[in-house]
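In the two complexes below, chain A is the common chain; its partner is chain B in one and chain C in the other.
So, the complex of A and B:
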């Protein structure tokens, strides 16, 4: 009895930090919701030149879609190699380590690198293109890790059936394993998007400007982005945080929406894939 | 190089030749390595000018002054480490307790929702954390401690801890959940209580994983740029008190890159700082990887 009570108290104490985490999230959400009044349909659809947020929203979407389009295929191919082809040796271990290291590089360094390589060396300047390539480097490790897991849980028998029917290794993988792993792969790309949709440091020097005349007409033009706007207006221009409330709220909704979609997809497909049980 | 080894390498490439798709896959997998090398090369190349001129002063010099051509990064390095340690002191107990609680104590059906909320916490962009910090934490710190400005090292540590907790929870939670069920059941079968099982079986096995999660949290915190530059006050001195403003390396780079003319000494010095930061995170992340792998061998 005594030890049981002690254990209850211990577990209760362990639960306190969890409650702190939950409270933190709801506190952040509740604070942001106090600014809902600053949002209106007109704000979302009016040009930034007239005080709206249209170009920032579209610019943010352009940025993460392009980055995902670049990082997606490379990441999936890398994952296929690592799960299905890679010999278990030193080089594979180095690749593995490199992916972890890439995931851990601070975004400001990714930004510096993107500026020197893409904006200057390759001559893309401050542009959507330079931003895509830079952000793709941040999505890549997320897609590789997520796709690896998705591919790994597909039963080997799927592939073996195709091999037995005379398919080449690549045919067998692309026609069976990859299709079975598709939901997991899509989830990882969405998670990658959630990670970079609000990224600021990486696009600070590579692709954004504070105001543009309309939307960019080519990938070599700079864009506006929600995150960049919040940061520069507060830090460089010294505006009070309240003045960017609407933009911050839109960004929060976009990022949380993508994360939620990824989480729901994962739960849904886990239930739908009978071989997982 | 022995001929055996040469044979092995040549057969590897011959094998690639017979399967064109495998080459593509292999190149995609090697892409991360190439990028890391390019990153080191480019950041080092741009920073070389400042390093050759100032050497270790870039790391240990006390003053950063454009007119007198002084580029001392010590207050920035100090600020980065100060803020990171502050964040970890708050995040480690909360993160580790949360990980244990979620993966060992909570009933199954509410684990996933709680994990999802922590995941959402991780996905909030740093600029939003900075914004929230300015809106809530900065005024709170200034009124609570009676300070003129609430933009202090403490404020930055508080915000950073919120951003580091999810890393610690998800990485160490994964390791804790991976402890084989048989081990736990063996302990329970011998009459250990749940807490005794956690203390004597689960924690010793997942020790190295928890350590690795803390190191990853360190790497994440020291590289955090935007949120810190919004709430830390950005003053390049090396204060002893957490109630004073600090400047961190990433925040300094973010706020100064825009004004530094390309190719100037200041530009190069900023890349020099970047190189220092890159090397720190490389070391920490690689160590974390080694710790995890070693732990997996023992477990």
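So, the complex of A and C:
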């Protein structure tokens, strides 16, 4: 067999997983799309008390926005510390490993942890706040790793230039490296959101209830969420899958939209970062 | 220190980890002149240069002992304000390193962090620095363009202007032309000669022809020791030390 033929076979072989992924994606989208008939502007904006989806949509959005607001800054500062300040040694390696481990913890266990610490011990009960803190734990490793990567690929020459002009280490980092890394950091937060927007196990017993009376007026109140609602309908209320396709489609759309935004941002900012080429 | 010495280096020793890079070095550098530091790769030229604005401090494994007097002040004394030192002793790097900002913001960066000017006064400083670096005519109408839109030679002049914007007394240049084409190199060499009227310039160079074109004094460094130093013309025409002569005639690089 000639080497060119081998190349061709390899090319197609590598393409097979991609094709499988695309097929799976479109099959899911198409299946969910059969439920689009249940969606209407009224449905999306009416309260659950009248059979609408308003509180679950808003609840989902509140949950991931709050979690991102908490995990974002903490994650970015952790990344800055790990890349720029942490001494190389055992302690730093342990932190590194801990972040990897956190990323691998099953979400139900994170939910259990959140329930025990935030809901019970800290007294937040079943609330938006407990959900925020729990989901933040899931977003955190994604933001830390993504931000670390974004900071690491910024040329060190920027920081050197700033230092040689008399900047302190923090000013050199914040006024050059961080600004250059900002697009990558923002992308990592958006990817974190995409990860938790559809999260069910972590919010199962930390923040969600089957139905609420209108939107929450404080973070100490529980919320409804799209993923939780799908779970309840199928498992607790024994409804057929088709009945939740509409809601699932909304959730699917939110997650896909955020992933797309992350991709578009990355492509857009690539052009504005000439030092990457 | 005689009245026309700007920098007085005494018993300077620098280690990187266990490696002894600069060896008990004494050197005086004259004010308002161009001094070239020359020598083969790895002999410590850049390390010596970086000792003058304490940029070696940034490298964790580095250790420095000895004194360096710039003007009357010992910059290695306890309590030295390193940030002000780096304003006073500017540095231009081998590969041009513009900040990822506009041309204007690059020049304004120094004055902004040292809070030396804002508004119209800052505009004036930016113009003055760009003129001093012979770049104003080429960029005055596009100051908000990204610095990365400039050519290599223009970027290097931008870096020089950026260092000038904070009103330094000394300018350190680490092989400033090695990444540039001959035309850009010629422009910068011309600029270096002009700058020496107002500033003390110390330039590290690999290129002997450049050293002889551009400098008033030359220091030949070999493995962390000064082998020979003096008037550039004298050193090139009449090297006293055998190693110097071998280096000049290209017997080793």
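Note that the second predicted complex is superposed on the first by the 259 of 277 C-alpha atoms of A that agree within 3 Å, B and C clash if a C-alpha of one lies under 4 Å from a C-alpha of the other, contacts with A are read in each partner's own complex, and residues count from 1 in each chain.
One rule holds for everything that comes next: a residue touches a chain if its C-beta (ideal position, glycine included) is under 8 Å from a C-beta of that chain, and two chains touch if they have at least 3 such contacts.
The shown structure was predicted, so the numbers you read here are calculated from the model rather than taken from an experiment.
Contact comparison for chain A: of chain B and chain C, B touches the greater number of residues. Residue contacts after overlaying the shared chain place A:238 against neither chain B nor chain C. In the superposition on chain A, A:85 contacts chain B only, with no contact to chain C. In the overlay built on the shared chain, the residue A:273 is in contact with chain C alone; chain B does not reach it.
Looking at the shared chain after the overlay, A:51 reaches neither chain B nor chain C.
When both complexes are overlaid on chain A, the residue A:17 reaches chain B alone and has no touch with chain C. Within the superposed three-chain model, A:41 lies out of touch with both chain B and chain C [touch as defined at top]. No residue of chain A lies at the contact with chain B in one complex and also at the contact with chain C in the other.
Those residues of chain B lying in contact with chain A across their complex are 19, 21-22, 24-26, 28-33, 35-36, 38-39, 42-43, 45-46, 93-95, 97-98, 100-102, 105, 112, 114, 116-121, 123-128, 130-132, 134-136, 162, 165, 169, 193-195, 216, 219-220, 222-226, 229-230, 250, 253-255, 257-258, 262, 270-271, 274, 277-278, 281-282, 284-286, 288-289. Remark: chain A residues 155, 157-158, 160-168, 171, 175-176, 179-180, 273-275 touch chain C in the complex.
Listed in rising order, the residues of chain A touching chain B in the complex are 3-4, 7, 10-11, 13-18, 20-22, 24-25, 27-28, 31-32, 73-75, 77-78, 80-82, 85-86, 94-95, 97-110, 112-113, 115-117, 120-121, 137, 140-141, 144, 169-170, 191, 194-195, 197-201, 204-205, 227, 230-231, 234-236, 241-242, 244, 248, 251-252, 255-256, 258-260, 263, 267. Note for the complex: chain C touches chain A at residues 53, 55, 58, 83-87, 90-91, 93, 95, 97-100, 109-110, 113-114, 146, 148, 159, 162-163, 166.
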